[in-house]
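Each of the next two complexes has chain A plus one more chain, namely chain B in the first and chain C in the second.
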Partner chain A sequence: MGATGKLARQDRLRAITLLSPAYLWLTVAVFLPLSAMVCFSFLSDVPFGGREWHLTLANYGAFFQTTTYAKLFWKSLELGFIVTLLCVVIGFPCALVLAKTIRGRAREALFLLVILPFWSNSLVRIFSWAILLRGNGVLDLAVNAVLPFDVRVNLMFSKTAIVIGLVHSYLPYVILTAYLALQAIDDSLIEAARSLGAKKHTILWRIILPLSVPGLTAGAVLVFVPVVGSFMEPRILGGRVGTYYGTVIEDQFVAVFNWPLGAALSFILLAVVLLILALASPVLKRVQT
Partner chain B sequence: MNARLWTFAGRAYLAVILVFLYAPILVMAVMSFNASEFYQLPFRFSTQWYQALAGNGEILAASWRSVWIAALVSVIATALGSAASIALYRYAFYGKTILRLLLFPPIAIPWLITGTAMLIFFFGIGLDRGTPSVIIGHVALALPYVIIVVSARLTSFDHTLEEAARSLGASPWQVTRAVIIPWIAPGIIAGALFAFAVSFDQFVVSYFLSEPGDATLPVLIYTAIRKGFTPEINAISTIIIVFSMGIMLLVARFFAFGGKR
Partner chain C sequence: MKRLFLISALALAAQAVCADEIRVLNWQGYGTDAEWAVEAFTQATGHTVVHEYFTSEQEMLTKLRTNPGAYDVVLINSAFTAQAQQEGLIAPVDTSKIANFADIDPGLAQNEDLNPGAALHGVPWTWGLTSFAVNTNDFTDMPTSIGVLWDPVWKGRVSIRDDGLEAVQIAALATGQSINDITDLDAVKEKLTALMPQITTFWGSENDWNQFMAAGDFAVATYWSGSASRSMAKGLPVAFVVPQEGAIGWLDGLSIPAASTKKEAAHAFIDWMIDPDFYLKWDGEGAPASANMKAAAGLDEDSFNRKVLGDPAVVARVEFMKPVSDEDRESYLALWQELKAAQ
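On to the complex of A and B.
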């Protein structure tokens, strides 16, 4: 008994030695800052440089007193819904084709090709759309070269441009999660349904879709959350119409320097994000591989 | 509809998606070799914008800064992350589930929130903006990815190997060093490359944490874009995208993204 007790203690010591550097780092760089942000959101002014400050609810009051911030928040949520919906609708068939009709090395290569852009620089990819979409840009010239009549294609600085850029950014995410879910579906299940006389759409609606719901939910959450908090994409592709909740938070920190208000706005966003993650967590747990 | 037609439609759809994903990047790359400053056609081949880059001290300095920060972040995150993964795998202890769950906030919370929170905290403790803050932030963002990638590799570890080593008299440390680490080496390499890419491509957190004087490359590009587009940005962007896609291809060599091998 004494020997095993000692062994367990040694094991515990080893585990702590191996784990603590990583988790201490996460604590200092993520968890303490998030807590600090929450505290900060209740201050009247920054507590540095000898400024006067006191505890206040005014920063949250600002969100609720005028409709400005609530409207922007809604605008960002709406953007999140549109982009997520488009990503799911466009991405699912793509994952289905990849997972169920293509085999072997070709599938591996195509899958890699689809998700490769996702892991490359997002800022640069947004910038590349700016070159494509601007008036007198490449898309404009291409369309006019094909059509006999003159049209002006200038999608730049519009909501359409922002949506296109964001869908382009996050589409691979949905394809990835949907593909993983589809790959886990046993082919013999589909075979069985077919041999029992099920039609193609019956198989799709009754077997494939229900079984890929966890994967699709994971993908949807992973798209929705960052899109609601996006600011770089609306700034570059939206120009003057690109004022969203995220850009307002950015402004508080880099332009207006009202950090307590920025912290409060950030925290409201964080609360909504955590709520969404909590709601989706039963489904998300099922896809953890 | 017959099966042949369905297959064809499927392939065509996949092709359209790939065009959508790659067309803007290709257009950007092609335009970076266009002589016209205003992206005008007809296309005339020129490498002048790349030559201009070579003379742009600001961009060169930012590129170098981005690369060495990413290398340092990769080393730190891989060391800490691999150690943590081994502990999470080897030892049974209370609270493991919570430790695993704690990996998700840095990934799942929008970087805008994490970045601004870091800015507030680092400023508050007197660390201020600047490269040290950027490095601390990047390591925290890269750590969960390293742990997830290395842990995924560890789950495929064959227990009988460990038992064999133990029965031959190996100590726990010897087992770790001579059996487990060689087995997870591909995972560690993939994790290190992943961490490098996370840091090198990171924009949002760097944006809030870096000082105007010593910005990383993505931050510099963002500032430049907001002033107006120039072919020089095209050129450096093309280099970045080729570079970061190259790294991810290397990662894929060591780590299948959940796909079966």
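On to the complex of A and C.
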């Protein structure tokens, strides 16, 4: 606001003209559908087909009436934390090597490999994992071809399978954001530390890690939020144990036709995720300074 | 000669005048929309047929409510016929306009769910069972009890459909209760809790089921009889079992919406659909059992619908599904969600 206030009139006009398509798009594509869902979440029944409906809070009340939803919510949050942690633990070293060690052509090639999964449809990726992980599947046959003794590798329809699928899907976000943060670190800082006698892990802990926290945070948020609401990966890879908060919301829309309840559950999820992010932000700010 | 020409020209003109376009509401790929059948119907009667589809009974009812006059023939499961009649969505059927009606199994024609308000509102068309099928590579002796789903030998290779009502009904059969009068829901819950660790994954569609069975993920899984006959026709190593505890029966009828303006053509189409000629050809592609006795009698000796569903001992064990109240439906769904969440 302060910046635009100082702009000349002509500049401001130009800014408005240039920004209006984007804001118009956001209004039509994000704000309107979301508002419709907010309305739905307060109705007793979908207002199609001459059905009786009235305003109600019962959909939000349903969340608290049984322990089922709370249990599933906790399960989904836990999944979100595990996947985010794994993505950071795997993604940060990758980004570090990409940003600080590898130069030139090789870096471009490796970068391409990181982005490559984005080029295929996520459903295709998940089904490929299904082929790989199932008993008598590719992984099982490969392991048994190499090892002299017989082992059954059947990871399909387990929490491990869900975590593998989700980490694979969301890892590029962390690598990309961490890479950008690491790129911005001036190499002379590291050289100065080294010339003052700092050991490798001291440089990592005292200089590189604190300076890359903004990138890691952005990556973690990009992973955590969609994973908590994910439904496709748990459904396909989880089998019997694949019931999560996201799959219950999907059921309300697709199977049971209880859109109001589905919408209410979605907004409870949104509220809790925002709360978690709000609680986490002061902690993260302190880390940065 | 001239007169003959005139008469035939008149007859053709008359047919063209009476020709209507009727709109049929059904599940996709469920018989009425078979291209060869619709073409033959148009050739014989002059009426043309347009299809619209639904993916759940709720959607079907909603479409009837919101578009009065848009449909002329609708497929309604007998558990929903009474509800549609009470809401005034469908009209009684005039059986005198349906020549093949005389061949319908009288037991089905008098089914009380199809005769709400003491008038026939749905012409019995097909019926079938929900029971289970086994992989014949794993089973040499066919199981006779539904208890096989709970057999620890098959732990991790059992599946049921992800549907609260069906799960509760299967458990009701296993606990010796009537599927239409479940009095001991605690026993059902206990039985389903014991079933959960056995299950590898839930199935959602026929396609899912076929893939998991072909990959050997399933040894025993609940299934529908019509789908089982299609899977067998595709060469999957499966056998459909109707256990001693019984099976869930369902009956589909063809109804005429009250607001239809082309009732003549609609009756003609229903007559066409229950004709043995149509059914026998459809059965070759994998169909549910026919309600027409002549059609059932025309099946080959070794055809699935004759061997399994034509056996009077099997039919005696079937319990047909009655309408389920909204309260019961909700409590079954809550039970099912709770069980799934606990995994």
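Criterion: the second predicted complex is superposed on the first by the 245 of 289 C-alpha atoms of A that agree within 3 Å, B and C clash if a C-alpha of one lies under 4 Å from a C-alpha of the other, contacts with A are read in each partner's own complex, and residues count from 1 in each chain.
In this text, a contact is a pair of C-beta atoms (placed from the backbone, for glycine too) under 8 Å apart; a residue touches a chain by one contact, two chains touch by 3 or more.
What you see is a predicted model; the values in this text were computed from it and never measured.
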Given the touch rule stated above, what does A:152 touch, chain B (first), chain C (second), both, or neither? neither
Partner chain(s) touched by A:240 [first = chain B, second = chain C, both, neither]: second
Touching A:105, do we find chain B (first), chain C (second), both, or neither? neither
In the overlay, answer first, second, both or neither for which of chain B and chain C A:141 touches. first
Could you let me know whether more residues of chain A are touched by chain B or by chain C? B
Which superposed partner A:201 touches (first chain B, second chain C, both, neither): neither
Can you give me the overlap between the chain B contact set and the chain C contact set on chain A? 48, 134
Would you mind writing out the residues of chain A in touch with chain C in their complex? 48-51, 66, 68, 71-72, 75, 134-136, 156-157, 238-243, 248, 255-257
Which residues of chain C touch chain A once you look at their complex with the stated criterion? 56, 58-59, 62-63, 65-66, 162, 196, 199-202, 215-217, 333-334, 337-338, 340-343
Can you name the residues of chain A that touch chain B in the complex? 11-12, 14-15, 18-19, 21-23, 25-26, 28-34, 36-37, 40, 47-48, 90, 93-94, 96-98, 101-102, 108, 110-117, 119-125, 127-132, 134, 137-138, 141, 168, 171-172, 175-176, 179-180, 183, 200, 222, 225-226, 228-232, 235-236, 246, 249-250, 253-254, 259, 262-263, 266, 269-270, 273, 277, 289
Applying the document's contact rule, which stretches of chain B touch chain A when the two form their complex? 6-7, 10-11, 13-14, 17-18, 20-25, 27-28, 31, 39, 41, 79-81, 83-84, 86-88, 90-91, 93, 99, 102-106, 108-114, 116-124, 136-137, 139-140, 143-144, 147, 152, 172, 197, 200-201, 203-204, 207-208, 218, 221-222, 225-226, 229, 233-234, 237, 240-241, 244-245, 248-249, 251-252, 256-261
